[in-house]
Every structure is written in C-alpha cells, then in structure tokens.
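Chain IDs A, B and C follow the sequence of writing; residue 1 opens each chain.
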Amino acid sequence: MKLNPNHRAVLIGAALTLALAACGKKDEAPKTAEPAATPSSTATTPPPGAPSTAAAPSAGSGKISDGAVKIGVLTDLSGLYSDLAGSGAVLATQMAIETFQEQAKPDFKIEMVSSDHQNKGDIAANKARQWFDTEAVDVITELVTTSTALAVMKVAKEKNKITLVSGAASTAITNEECTDTNVHWTYDTYSLANGTGKAVVKQGGDTWYFLTADYKFGQSLEADTTAVVKANGGKVLGSVRHPFPGTDFSSFLLQAQASGAKVIGLANAGTDTTNSIKQAAEFGITPKQTLAGLLMFISDVHALGLKATQGMYLTTGYYWDRDDDTRAWSKRFFDKHKRMPTMVQAGQYSAVMHYLNAVKAAGTDDTAAVMKTMKATPISDFFAKNGKVREDGRMVHDMYLVQVKKPDESKAAWDYYHIRQTIPGEQAFQPLAQSKCPLVKK
Amino acid sequence: MKRDYLIMLVLLAALIVAPMFIYPVFLMKLLCFALFACAFNLLLGYTGLLSFGHAAFFGGSAYITGHLVRNGFDINFTAPGFLKFISLSVDTAPLTPELGLLAGTAVAAALGFLVGGLAIRRAGIYFAMITLALAQMVYFLALQFPFTGGEDGLQGVPRGRLFGIFDLTQTYTMYFFVLAIFCIGFWIIYRAIHSPFGQVLKAIRENEPRAISLGYDVDKYKLVAFVLSAALSGLAGSTKTLVFQLASLTDVHWHMSGEVVLMTLLGGMGTVFGPIAGAAIVVGLQNYAAGLGEWVTVITGAIFVMCVLAFRRGVVGEIGALFKK
Amino acid sequence: MTEIFGVPVQALFGQLLVGLINGSFYAVLSLGLAIIFGLLNIINFAHGALYMMGAFLAWIGLTYFGINYWLALVLAPLVVGIFGMLLERLMLKRLYHLDHLYGLLLTFGLALIIEGLFRYFYGISGQPYTVPEALGGAWNLGFIFLPKYRGWVIASSLVVCLVTWFVIERTKLGAYLRAGTENPKLLQAFGVNVPLLITLTYGYGVALAAFAGVLAAPIFSVNPVMGSNLIIVVFAVVVIGGMGSILGSIVTGLGLGLVEGITRVYYPEASAVVVFVIMAIVLLVRPAGLFGREK
C-alpha cells in the first residue's frame, strides 16, 4: 500500500498535519500571479512529502506541484460509450501530451493515468477522490455521460482541481451545476438541439413528433428541441416516451407514424438511437418521414451503415474530412486507432492541449491561475478555429450541421457526411444571458 | 464463541488503525458493502433463502436517505398517467444525517415486508426469481421518479453534522461514524444468529418440514428474517450514500444483487466473518483492477464459477474447515 | 374510424401485431428455459448470454466466413447447442447432487464471463446485420406496414414452438423426457441413459436461445448486452406461466407480448413494468403460475 504523505502525518500527529497543510498553503499562495508574466525564476522546493522520483527536473520548472503535471483520463472503457470516447480518448490524450512535449518543450514533466468509470457516477466520484487524494492528479478529463461528469465536477470543486469535460452532453454542466474549475469542451444538448432543430425546420420539416428515452437526459433533449422547433415556426404534434434502455421500438415508431408528423425527433442516445433508426427503416417509416437524430456520433453512423442512416441531419462539433488540418490530425489518429475520431475524441485532444499550453503560459499548475489563463486565451487549432472559454465554463466554438451521405456518394470508408452548414459558436451555444450558472455576472 | 469475540476484537483494532495505511474512502466503501453482505448472509447463509433482489433495499434506501438529507420531505408528488388523482404535497427542512439513515432503514424494512411477504409464498428457485422481478420493479420506479434524478442519479448529498455536533465532512470523523454503524449492524446480526430466533432459522434452512412439524410458524420466521435483512441492507445503502454523497441507478440494478451474492458466496455463506472477507475481495478487485476494463466482468464471472464448482464453503469456510481438522 | 378508448382500431391492431412479434421472442426463450428447468431443475441464467451468442455467431459467420442468414439459422443454434452440452458435461453436472440454487449461481457466473468476453472483443455499440434478401420489403396489410421479416419471425417461432411441444407431448423421446422430469431414478432403472438425456435437453434448450438470437440479429443491432436486457423479462414470463410448463411458457410468452403491446398504446411509460406487475398479481392469486401445478 502506497503511503500517502497525509496518512503518514496522521501517524506523527495532528499538529504536524496542520503544519504540513499550512506549508502547502504558503507554497501555493503566490501562484495567482499574472498569467502573462514570464515563469517565475525563483526555484521552489517541492512540497514536503512529495515523492523524490517526481522532483522538479530543473530550477526553471516554476511552481508545478509535485514536480509534474498529472492528467487523469476518466472515461468509459467498457460500456455503451466506449466506442465514442473510451480508449480513443485515452489515445487522443497521449497524442496531445507527446505533441506538446515535442513542440513546446516544457520544462515540467507530464504524466497520465486513465481509468474506467463504467458510466457510473459513484465509481467515477470514488476514483476522482482517490486520484486527487493519493496520486496528486491535477486535472481530470473526458468524463463521458452527464452523471459521471457532474459527480466528478463536485469532487474536483471540493478539492480545488480542474475538470475538462468532453464527452458529457447535458447543459446542466454549465448551468445549475456549473463550477469555476470546469471547462465543458466539445458539445452539449443545447447546441445539438439548436443546430439540428433549426436546420430541419428550415428544410421544411415543420411538424415534429418525438421518440424520447424516458429519463432526465431524453426529456431535456426533447424540451430543448421543442423550444427550437417552436421558435422557428414549427409545430410539435406529440411525443412518446419509451423505457430506457429499450430494445424494441416498433410500437413507439408506429405511434410516431400515425401522428403524420414530417419529422421524428430521436431524443435518445447510443443503442437506443441506432435501434430506432434501424427499425424505422424496416417499417417503411423512412424515407416517408424524416428522422432527426439529436445525439449521434460518427461511430453510430459507422455501426448502422449508410443505408439505414442516409439523408439524416445531425449536428457535430467535429468531422474529420472538413479541411486539411482535420484530415492531417485524423489520419494520425486513424493510423493508431484504426477508426476515425469522434468529436469527443478530437475535442479531448484539443482540451488537453489547451490545458497544457495554459500551464506553460501561467508557469504553474495552480488551479485558479490555469483557469484564468484558459479563459483568457482564445483557442485556435484543428478542432476549433475561433473558440473561447466563457465564464460559465462553456467552450464556445463553431458547430457543423451535416447530412449523412447516400451509399453511392460515399467514396471511401468513413466518408459519411456532407457538411451543410457551419453554425457560428455564438449561435450554436446557449447565450450567456440565459445561463442559470451563478458564476455569470448579470 | 470465544474465538468469535477474539476475531472481532482483532478486526476492530485493525479497522481503527487501518485508515492510517489505507485510503479511508475505500475503507468506508468496504465497510458499507461488508455490512450489506452480512445482512444478506443472514438470509442466504442462515435461513437458506437466496434473494436475487437485495439491490432494491440497498438502493431504495440510498435514494430515500439521499433525498431526505439533501431536500427534506418535499414531496410534491403527482402520479403519472391515469393515476393523476393521487397527489401529495409536504415540505420540511433537510434532515440530519442520523435521521436520514433511520428513515432510509425504515423504508427498506417496509419494502422488505412487501417483497418478502410476496416472495416467501414460494421457495428455492422460485423465491430467487420473484425477488429478482420485484427488485426490477423498484429499479424502474427509481428510473421514473423525478426525485431520483434518473440516469444522473441523486447528486450532491451533504454529509452534514452528526447530532449537530460532529462534522462529517472531515474524512476521519466520517470514517469512524461508518465504522460505528458497521459495528452496530454486525452486532445485531451476530446476536440474531446466536439467539433462539437464529436457531429456528437454521432449523428451517436444514429441514423446513420438520420445523413446521415442530410447531414453528415458518412463514413468520422467514418474513422476520427477510425484513431484518432488508432493513440492514438499507442501512448499508443509506450509509454509502452519505459517504459518496450520491445515490445512483447502480445501487438498484440487478448486478448489485448479483454482487452481494458473490461477496457472500466467496467469503463463505453461513459463516460469521465470511461476508466481510468476500466484500473485501470483491471491492478490492473492483477498485484496483478497474483499469482492466471488460476483464473485471470476466474475472468476476470466473470467480463465481470457481466458487460454485470448487470452493462452495468460501474463503472463511475453507479456513474454518482447515482448523477443524 | 372506430376507436377504442380514443385509439383507432387500426392502430390498435398494428400494435397488437407488433406485440405478437415480441411475444414470439419471449415464447422461444421461455420455452428453452422451461425445458431445461423441467429436467435439470435449474434456472439457466446464462440463457440471455447464449441468445446473444447466437446473434453474434450469425454476425461473425456473415462477416468473416460469408455464411448467409439461412445457414446461420441452422449453424448458430448447433454450435451454441454443442457449447451448451460441453458446459453441462464439464460444470453443471457436478452440481446435481447439491441445492438447485448452485446451478443458478453457476450460470450467472457463466453469463458474466460470456458477456464480458464479447464486450472485450466486439465493443458494445453493436454490429449491423442486414435482413436477408428474400425477406426484405414489407406487406401492406392496410392497418399496418408489416415488414416481411417480422412476419417470418412470428411464423418461424410459432413453428419451432409447436414442433417442440409436439415432440415432447406426442413422441417416445418426449415421453422419456416427461418421465425424466417426474422421476429420473425410475427412468434410469428402465435402462434409459438419463445423463445423456439431460445433456441433450440442455443442448436443445440453449439451441433454442441461439435460434432466437439469430432471429433477433437483423431486427436489433447485435450487441453484447442484448441478452441481459431481455432475460429478466423472460424470467418473469416463466414465473407467470408456471415454471417447467411447456405449453404454459409458449402461451404466456405470446400473451405477454400482446399485453405489452396494448400497454404501449395506452400507458407507454409502464410498458417495461407491466410484466412484473402481472407477475406479482399472478403470484398472489396462483402461486404456482398460470399453467403450473403445485408440486
């Protein structure tokens, strides 16, 4: 069993613990310096109790706690979302670290740990607590599924550490549940509902019927989209809630068919979505009525095949075949992973890179300083051309409305989308004025 | 008897110093699951009833406690669909942790009374299937009720102050509180096993018709054992909520029911300390092998198969058998 | 248009038909469970995993070996059946002298292993399996647009169920089986190889599960958790029908499919629970199940 410095302190006595804590505080206090300032040249001794192996490599390393920046990737490595995040997200993180080390030549060490949260909030929270308490992890990233993201954000806030959320979808992350130590990077339900909803109504799909997974996420997706459809002059004829997770959707699809709506909105995710799409084709519902997948990833399209998904509209934060930069990066990713990146995996790389750059610029891994730098620095990389992190933690960037190609239009494997429209960041995401986040000054 | 007390003392001493060497949150998780497994063992090991639905009590009370400690009784309930006419509206301040635990335990006991009342009408495999199916109903209810937060779970449960004095947000205070709960729960189970009541349970396990012919109201004994087991499982679930500050669908899923069976079986069913050992192995495995991803499921399954085929007495049972020789 | 409680009759018929499709899966799966339970007295928790295995074998066959659907419909149950017989010979057999609960626990562990392995090798988001050419398209029945494949699912499962029922109730082999259920020792004394009978029965039961899996492959995406999502409902079906009753499991399977279909029209949120509610009521009124006998 690894002996944590704090535990040893208990052995010695409470007084020493206090002293140690005080030392740590003193050590960290000056780190809230101007982010733009050059890295402080004063060499600091590592905090007492830090493992000697992780000692700061050089005097110029500034104020990196424990001598290294440690990134924890907490994701779904075995479950429903392991294809869209999972090992691909871990790989993206590794790539980001390697690239950063080559290009920026940082004078601090970077380490990475990863773990499977199995999509369970309790496992995620437990692991996060353990990482922060015993392994000196500075930042936890990825966090697909809202339940794990919210759980880890709470722990991180308590321990004053940073979270970078890429895979989770709920807008609650930057609204009611927002924290000042979190950045929500890739997408959220608002941007998806907004992009897809608006576009489909404009294409003439002005009557909607929802097929909704009967739980919080599905309901909020339905509510978000309903608002968008109505705001753009469309009409919602009704909705049916299916149990979650479901396997047979045919009877719900028949109800959607009977409604006569032009568009059937799929307010569900994962295998629920893929199964609904498959079965809609089977019952001859498509192509007479159009399906709108409100949360779909390229991995879902890949699993379903173009025959079942052709013509669908969906909103995504990233598509590999968008421009030369995305193609170049995605090729690197593909060579290692044998699958094209999903937006979550690409966003993961971008988020980690931004974090590491911010640590270098701030010259410290102190939470407040890094957060300040991250929010002050605009993002411009292959993932986001004009991105910026807002005060509620939302990373605002362009989203893309895409339409799935017909099988004969697809020239090669993974050639799946036509990009129909670029949605500028400020239109894609929820305006700050509507935010329910207490951090937003009104 | 004497040996039991000796082991208990050693165990208690070890648990008191353990947080200096082992990560306390992990230990708290272990204690919660150990209590859960011990409560389950009361039913499986001592009464011979295999319930495959104990997650309902563990998770159900986790939700109740979590909600009461976070929001208090703010029932603003309208039944869905055609049951609209059933509605209720109450609102009180959030409960203190000890009251929250009690309320969770009470609800688990009540739920145990309902499920147990239905399930003991059949025995053996039928009993297992019925408890499984009824627990599945509880799972769907947990998914449907708005207060549970559905997929997101019930998050941000405050630990609060015990009796208004002890600040449970301090890790060590919390740890000793959990340890105290575990000891109380364990003691209740230990006393129950070694009381005349426990003897009747064992008689039922060994030969039910004979117990009936001796004039015991077997169904009543089974039901009491079931309710007691459910209530203590609920106590474990409630405590877990306070430790992790969240309750989620994991707690009510049937995999949880399977896990507690595994813990009991692996440690040794029908032994006093077996479930504790089983819980330690399973929780440790999940904690330290989480990086293996899918293999955790496979390993868990393999342990199950191995236990059933080769080590039916479980770890503690096998050790006990060695000593007897 | 005529309406029943505000739902057009035509739509209701459509839903009932869809319910019947699901009922077919319940019937085939619960039939397999019932046969196994009748002779071996164990609840085969691995049934869902073997159903999933059947679907995966069909997919693997098509993807890597070019084995078409029709061949897979025969081969997959055969392979799974042999696999099942191996499991029975190597593992289950050692437990017959013990409490039947151990059989349940062993198969639970097996289910975890099988599911975990498939998850490891094939991920979880599911693999597509296309409907065979001959069954593509749909019939327009006026009140519903019935995909030919779904019609095939109902027809083929009914045939399989009825043939199984016929074999058990009307043939010599079936007579042995029934005798084995009643009194295996006596049957053994008559010179019937009971252990072999048990092995074959288990093999046939799980082959039925694999058959249902292949049937399901083109409808649902083939994924490692498809079995565990379904199996709990099938357990409830078996309890309602009366465990071990052959006809009971067929009729209850189809019937509950219909009940679920109706629930989905009138109160969709409850459609996942309705089976369990019925189970609770049945247990209160007839603890042995609708078709079961009190032993």
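Here is the rule we go by: a residue touches a chain if its C-beta (ideal position, glycine included) is under 8 Å from a C-beta of that chain, and two chains touch if they have at least 3 such contacts.
What you see is a predicted model; the values in this text were computed from it and never measured.
Taking each chain's centre as the mean of its CA atoms, A is the chain most distant from chain C.
Taking B-C and A-C together, the chain pair joined by more C-beta contacts is B-C.
For this pair, chain A with chain B, the centres built from the Cα atoms lie 35 Å apart.
Averaged Cα coordinates give chain B a centre that lies 32 Å from the centre of chain C. Chain A and chain C have CA centres that are 40 Å apart.
Among all residues of chain C, those that touch two or more other chains are 119-120, 269, 272.
Residues of chain A in contact with at least two other chains: 78, 82, 214, 243. Counting only residues that touch two or more partner chains, chain B has 140, 144, 293-294, 296-297.
Taken together, the chain C residues at the contact with chain B in this complex read 37, 41-43, 91, 94-95, 98-102, 104-106, 108-117, 119-120, 232, 235-236, 238-239, 243, 267, 269-270, 272-273, 276-277, 279-280, 283-284, 287.
Chain C contributes residues 8, 11, 14-15, 18-19, 21-22, 119-120, 123-128, 130-131, 138, 144-145, 147, 149-150, 219-221, 223, 226, 229-230, 261, 264-265, 268-269, 271-272 to its touches with chain A in the complex. Against chain B, in their complex, chain A makes its touches with residues 1, 3-4, 7, 10-11, 77-78, 82, 114-116, 118, 120-123, 125-127, 129-130, 133-134, 145-147, 150-151, 154, 170, 172, 214-217, 243-244.
Considering their complex, residues 78-80, 82-84, 214, 240-243, 245-248, 250-252, 254-255, 258, 270-271, 274-275, 278-279, 282-284, 299-300, 303-305, 307-308 of chain A touch chain C.
Within the complex formed with chain A, the residues of chain B that make contact are 19-23, 25-26, 29, 140, 143-144, 149-153, 155-156, 172, 244-246, 248, 250-251, 286-287, 290-291, 293-294, 296-297.
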